[in-house]
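You will see chain A twice below: alongside chain B first, and alongside chain C after that.
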Partner chain A sequence: MTVSSDPITIGKTPITPEHGWWCLAGLGSALAPHAMRFAPPMWICFIALALWRMLGAYGVLPLPIRTHRLLWWLKQGLALATFGGIYLTHHGQIGRDAGVSLLSTLVGLKFLELERTRDFYVLTFLAYFLVLTNFFYAQSVPSAFYLLAVVTVITGGLIRFNTPRDQVTTGACLRLAARMMLQATPVMVTAFLLFPRIPGPLWGLPQDAFTHTTGLSDHMTLGEITRLGLSDEIAFQVEFDGAPPRAADRYWRGPVLWDTDGRSWHTHDFGSRVPNHPVRRLGVTYRYALLLEPTNERWLLGLDTVTDVGDNGHLGPDQTLWAPQPVKKQIRYALGSTLAVALNELSDAEYAAALALPPHAHPKTRALAESWQRSGGDPAASVTGALDFLRDNGFVYTLLPPAPIGDPIDDFLFRSRAGFCEHFAASFVVLMRSAGVPARVVTGYQGGDFNEISGHFVIRQRDAHAWAEVYLPRQGWTRVDPTSVVAPGRLSLGINAIADPRTALPMIEHNADALRAWREATDLWDAVNYQWSRWVLGYSGQRQLALIQHLGFQTANLQVLALSLLLSVCGIVGLMGIATLRSRAPTDPLVRHYALFCRKLARIGLPRAPQEGALAYAQRIIAIRPDLMDPVNYITRLYATLRYGNTRIAADLLESAVKRFRPRRVPPRLNRA
Partner chain B sequence: MASSAHSQDAAPLTWRQVYILPTRYGGGLCLLLAAILLGAINYDNALAYLLCFLLGGLLLVTLIHTCHNLQGLALSGVTDKPAFAGTPANFVVHVSSDALRPRYSVTLARLSPARRAWWRRNHLDAVIEVPILKPLSAVALRVPTTRRGPLTLGRLHIESCFPLGLVRAWAYFDSSAHTIVYPRPAGTLPLPHHLAEGEEKGLGQTPGQDDFVNLDPYRPGDPLRAIHWPATARQDALVVKKFHSGSVEIQLRWSATHALSDSEARISQLTQWALSAERLGLCYSLELPTQSLPTGQGRTHCEKVLTLLAYYDSLV
Partner chain C sequence: MGMEPISSGAAQTVLSRLLEAAGQVILDKHEVIKLAVTCLIAGGHLLLEDVPGVGKTTLAQTLARLSGLDFQRLQFTSDMLPADILGASIYHRDTQAFALHRGPIFTQVLLADEINRATPRAQSALLEAMEERQVTLDGATHPLPQPFFVIATQNPLEQIGTYPLPESQLDRFLMRLSLDYPGPQAERELLQGRARREMLVSMNPILDAVAFGQLQATVDRVHVADPLIDYLQALLARSRISSDIRHGLSPRAGIALLRAARTWSLLAGRGHCLPEDLQAVLPSVIGHRLTPRDTALSSTELVARLIASVPIP
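So, the complex of A and B:
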């Protein structure tokens, strides 16, 4: 086969419509997840520009090339208009969302002017960058794998661009891309584990750097937890070092609410006036690690009552755990908690806050509680009385209470008598305060599902709960969960057991086997996600330090990390290079036989120089060793004839000749002469 | 013209002989990786780190793939064909491979002797892009020629950016193949008179125009007036009338070109005459100040004449 063509400039591949489609596939699939996050104008704009370019590629529409003045100016105007639109939409704030919108538009405009080789590469790199922007919104397992596929497609496009179209199929391009990415994986894993993690942001993060989070907040308005009550989103996950506490004891403490205006409840800032009170442990301490989803709040969750904080934050006077800064991304921390503790001290400021009620609010509730106070005045008796009142008056636990009329507490206690944990907790605390017993509302989560596969607990937003704490003279702060009086199953079985079964799939609701299979599948999925969060998303400087120490290094300073990273990456690439590039035995039998001939000569000190032709080599050998003339000439001529005569019929002649050829280092005595 | 083969069974390229560097797009990817890494550090985003390292790994893996695309290739021979100065000389380069796998997007070129600074790309001529190189391929290099005389192929440059275009691997083949570049046929002087008929025939009448034989495609050196314009118009290609004139004999003398001052122009004129004479089927001899060739005819004779002209050093 002879290939010949006129001289052309190297590295200038003309752009064909097929290249356009490859580019579009990469860009479009990288942008697709954003389409769900942004307003339609953004992706409609992109689709319109892409359509224009592809129709232009087939000659249906004129393209805004530089020579086409009118369309070129139209394109410039379009660019300005979209930039202006984005600026106005995001109110001039150039943060994450505006940045991504801007990038998408830029990519659309750049795609429109895909004309040269350079444009193709620029678009490919932009597509890789668009993949990156997705990670600022979602880091879940499915999105990671989707984007891995997108990277494969983008890389396949690069391969397509550099391979002849009629010789290599699209499938082959994608397969090669996948193979190369597989080969890049060891480098990726090593670099991920060993690249020094620099703490903290390098520059200020934009306001919208992190996704909006749902979850508990530092205030509670009656009716608000309903929103969480129906959410299957994971709030946090817990791995216990030993045996876990019983379900009914798994109260996960969040912010404590003291202040109320009669309708909503808030945390109270005691400032530095109230010192931390000593905590006396009365039982065993549970040790566990908690993986908290981002909350955008400063408080952390822990098993009630947290006694060992470590360096994860500090405890407030009301045993709320505070982090140094708001939790903007998933964090993992280890804690120790004791279920039974004695909290006996109460400062004046706390005493006042724990009895405060808004004036003139809840008149009927106050009247009821004051009647108990008049009859006995013992705080414990007031607690019992309140719980009896809730138990005996036909209260109903429901996640869909009727809207309150008038005073919400009075309405709940005396009219609707239907509500959920926060109604019960808030009403109970109002009753207690009215009866002169210091009380506060504690919000958090209760229970959690055990995942059999990975052996950890998953606590979802629907496990959100609110309960009360009262201060009793001898016991100190004591937890009272008024919800348990009405709906005992809420604690032992979890919220699923009593909530509306609307979240379960209707067709498997009554099929026990299907329900079990469904549950196992969700358990497996949770386990995968948990390990993903633990090992991939949550891989931090601390984990890196532990790994380095596990590998036998004393410290994980920058030098150790950089050196080990460099050495291992070089090692991996070197090994792969050796495996691929080391010279193998040639597949052509002729070449193999001839190579053996050359090796035999090399053994007697006459190696063939690189680039030395077979005939030149033979001449050189004969000049040095005239005694070898006959076999060398015969083999070389046979080889040359076979090789350039392009025939294979007498390959065995060469084989036997080379086999018979046994040159010796010292020339034997010429006794035949 | 005759072609000759230079067998050149060099050892296949090993990775040690393959040079490799990122292309400017590879440099672009490095910038992108730096941007992604900054983003990963700033947002402390694990998947951004992974993406950065995946693409970095891809860049490293490409080094191996690109090198592998050239490794094992060998220059197994070159066939050359003489050319006239000004037209490209064709060297057919036979490339063999130690493996059956095809090589994609390989560029073969001749390394121009002009030297360049080390950071500049080599100056290449006769560039040819081969989309797919099968284990035994022949690639025709069209080496541009400007001057008459010997032309060595010299160093061949083989390069490839396959598969990602992010790194370029290149290697050199040293070839001893050479060919002759004949002088450029040019000149407007009429062919000298043939000896047999003396001065009777005028300058305007070229010998051998007696017996029209057939029409042939135009070849360099054919006199303009031999072109058969009606046939040319019909066939879209230059067509010349061919005549047969028995054993007419002419002498191509250096002195006959005294009208031309420049010695190169005189050589070109002699070349033109030799080709015309051969074309017209005349017997011709060559007389140069230092060398001469006896009368002869035919392809071999023509090649001898042209070779003598190609190597003639007018300064001697």
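So, the complex of A and C:
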């Protein structure tokens, strides 16, 4: 490995096409996942610039070097155009997407400039940085392993760049890079465990990181949940301590919707006017931990009805669980819930909100409900009447309802009679409010799949659900799920049982074994992801401090963390260094003595080349410094005979000869006198 | 035949006389003569690659004469048959039996001139005999004389109607050398002096078959220390992963290298083998066994790079 340390030549290592390909492999694989996230112009631009540089490397196209005026100005123009294009694409918004796409296209321009050693290093470090930017978008197991492979490729490029071409093959570069990655693993794990994790905005993601998040929101417009109905994305995962409740009882409560304009439903901010109402438990309390995917919303999900919040947030008056700040990253929290509770109190503000309907909306619905009110007026009878109405009039559960004509509630109840949970829930609440019964819509999730391997529940976006709650004089707030009247299977079997058959996998639909195998495979994958989320992504500052305390430190703070990180890394590197030195150190004393002899000569400017034999070295030395002939010849012959001959007598002669050998930089002038 | 080894000092004395005498005939080619003698003593065969007229035949004759060995010259032609090399069984009417008519191969030093002119069939007959050191005719095996040393010459210039030896056959030669043109001073002497062939006749052999056997036995006594084996293995391993080389060196090449290096040590009068000895024989022993990936790269350059990339342990 003869790398020139001459500061003048080091900047002038010629960049060969092979170096270009290595550089491009690192950059391209680091950028590849971004190609799916950004508009085609961005990656087309990168590919075009890369193509230009590589064609230039083979002399097919001229490159925009400084001497080539026209092309050089074209390059400057391209850079400006890039800034402009990205500014327009992102509407001037500064954030994650704009930043990453700017970096990506500028990397393409920098690649075009790859001329000298310095450019190669700059591009290599940019490639490492591009790897980091991928974590703004995905932190899953496959992407982590993919990016590890990318880092290996980039490191392989560095190795290739620093070794003469004839000495190592491409495979050897990659193997060495992989070995270096493995050697770095202990330090990586230590840094992961001990590097201080500072919660707060410093480590938070940019503002636009959640533009693509799907999930529930604080409002509901009829027709919106269909999209969720078909999404397999995981919403959250739950691990129960002990037996879980039945599928039909697993209502996961999200935001409660009070206000409606006839079409959309919204949450209601009661401010501080409404205090929390006492909750009386009537059954057992289930304890569980919930791992919630980022929603960018403040509300949290919990099994209806949450009774033990701990310090995870606070409950609103309508039993919605609120987090201290929007959920921007995956969080894990423990809760206790009781299925049967008594919620008997209702404030004036809530009473008004639970009966409010937009004026002049839903005339037919109101007429129907008012007829029930006139006939008896008992709220319970109105509930029964409404459910009977839904059951007896040929209502159909479908995820693809026809578009409503006119008033959506009237249209659903009296014309189309086809819809899904939110149509049923909204219409039922309108019916109740028209009949004078306080009612509200509750959104959340229902059911969830049990993973046999890890023993936890997976609740996906397609499990999103909406139901109703009515306030009955003696029972208080009571859950009514009008969807169950029409599609009972929705609750006991989950949404898969009734979802559109077009979404099912046609190939394995009729093959029970294949179906089971498919299920087991997906369960295993979910289990892996769950553990990854829990132990790797979920390793928070709090858990880090807990670990430090567990290790025996009384006070766990940043200083302790930093100090233990420093000591651990030094310890690991030191141990590995000692191990390496031990395996390298010459065990043969002859070699040690001869190495000392060579060092002494190196000090006077006559180092031995690694491939130079002892006799050849001696000849060279004597040719330059005839005054050293006697000791050099003596030591060299002694060494060669002892090391390569079959005698070991007089090995100590070499040691003393080398000790006595003190070459001077300037040869003594013998003929001065 | 006496196979008792002699001391390395005595061996050096004999060998330096041999080299000196050969140096009088072949001028200015000290290094090539040394390597050729090494090849001869190591018991390997030699491939000379050169243009005609630079003294290939003279070299072969000189070595044979000075070593006191029989010499035969065989000019290869395109119509040559294996029987022309090996000999044949001929029926004798008077004895009413087949008798072996020995071909020119039954000699101690065989100069196979322009081996690439013969067809592959004739070539492989010679090469097989070289490898086996015996000839099989009509089911009977006839051992070749001891020692048996083939110097094959090959014209490197591409010519019509030649069959260059395939790579697998090149492996049968311990060394490949080339004489190249003499220097101006040597050439002048050559032009003014006596004819080389005449000189040769007047020279006395320095070795005989017994001395030759003793020298070969002495080669086996040259000590090879573990560090040298380490270095040899590092060279072999390097050749197998180098991106310059298409196929790395075989174990057979490793054995050949060590044998040649030990003989070289003996020429220097040493009873042990040094890394320098390996480096000295390396170009001629492995030059013809390596194929560069980049055809523009000469084998000399290839070997130089190989040596430069392996530190001596």
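Definition applied: the second predicted complex is superposed on the first by the 564 of 673 C-alpha atoms of A that agree within 3 Å, B and C clash if a C-alpha of one lies under 4 Å from a C-alpha of the other, contacts with A are read in each partner's own complex, and residues count from 1 in each chain.
What we mean here is this: a residue touches a chain if its C-beta (ideal position, glycine included) is under 8 Å from a C-beta of that chain, and two chains touch if they have at least 3 such contacts.
Please read all numbers here as calculations on a predicted model, not as lab measurements.
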>> For A:Phe270, using the defined touch cut-off, is the partner it touches chain B, chain C, both, or neither? Pick first, second, both or neither.
In response: neither
>> In the superposed model, which partner reaches more residues of chain A, chain B or chain C?
In response: B
> Touching A:Trp21 in the superposition: chain B (first), chain C (second), both, neither?
Replying inline: neither
>> Looking at A:Glu612 after the superposition, I want to know if it touches chain B, chain C, both of them or none. Which is it: first, second, both, neither?
In response: both
> Once the shared chain is lined up, is A:Val131 touching chain B (first), chain C (second), both, or neither of them?
Replying inline: first
>> Is A:Phe450 touching anything from chain B or chain C once the two structures are fitted on A? First, second, both or neither.
In response: neither
>> Going by the contact rule set out at the top, does A:Thr641 touch chain B (first), chain C (second), both, or neither?
In response: second
>> In the overlaid three-chain picture, which partner chain does A:Ala172 touch, first (chain B) or second (chain C), both, or neither?
In response: second
>> Looking at A:Gly577 after the superposition, I want to know if it touches chain B, chain C, both of them or none. Which is it: first, second, both, neither?
In response: first
> Following superposition on chain A, which residues of chain A contact chain B and also contact chain C?
Replying inline: 164, 166-168, 588, 610-615, 640, 643-644, 646
> Hey, which residues of chain A end up touching chain C in the complex?
Replying inline: 164-170, 172, 588, 609-616, 640-641, 643-646
> For chain C, which residues are in contact with chain A within the complex?
Replying inline: 223, 225, 227-228, 241-244, 271-276, 279, 305, 307-312
> Which positions of chain B touch chain A when the two form their complex?
Replying inline: 5, 7-12, 14-15, 17, 23, 25, 28-29, 32, 35-36, 38-39, 41-51, 53-58, 60-65, 67-68, 71-72, 76-77, 92, 98-100, 102, 104-105, 107, 109, 124-140, 142, 159, 161-166, 173-174
>> With touch defined as at the start, can you tell me which chain A residues reach chain B in the complex?
In response: 1-11, 121-122, 125, 128-129, 131-132, 135-136, 139, 144, 147, 151, 155, 158-159, 161-164, 166-168, 176, 180-181, 183-189, 191-192, 195, 197-198, 201-203, 205, 209, 329, 536-539, 569, 573, 576-577, 580-581, 583-584, 586-588, 591, 608, 610-615, 640, 643-644, 646
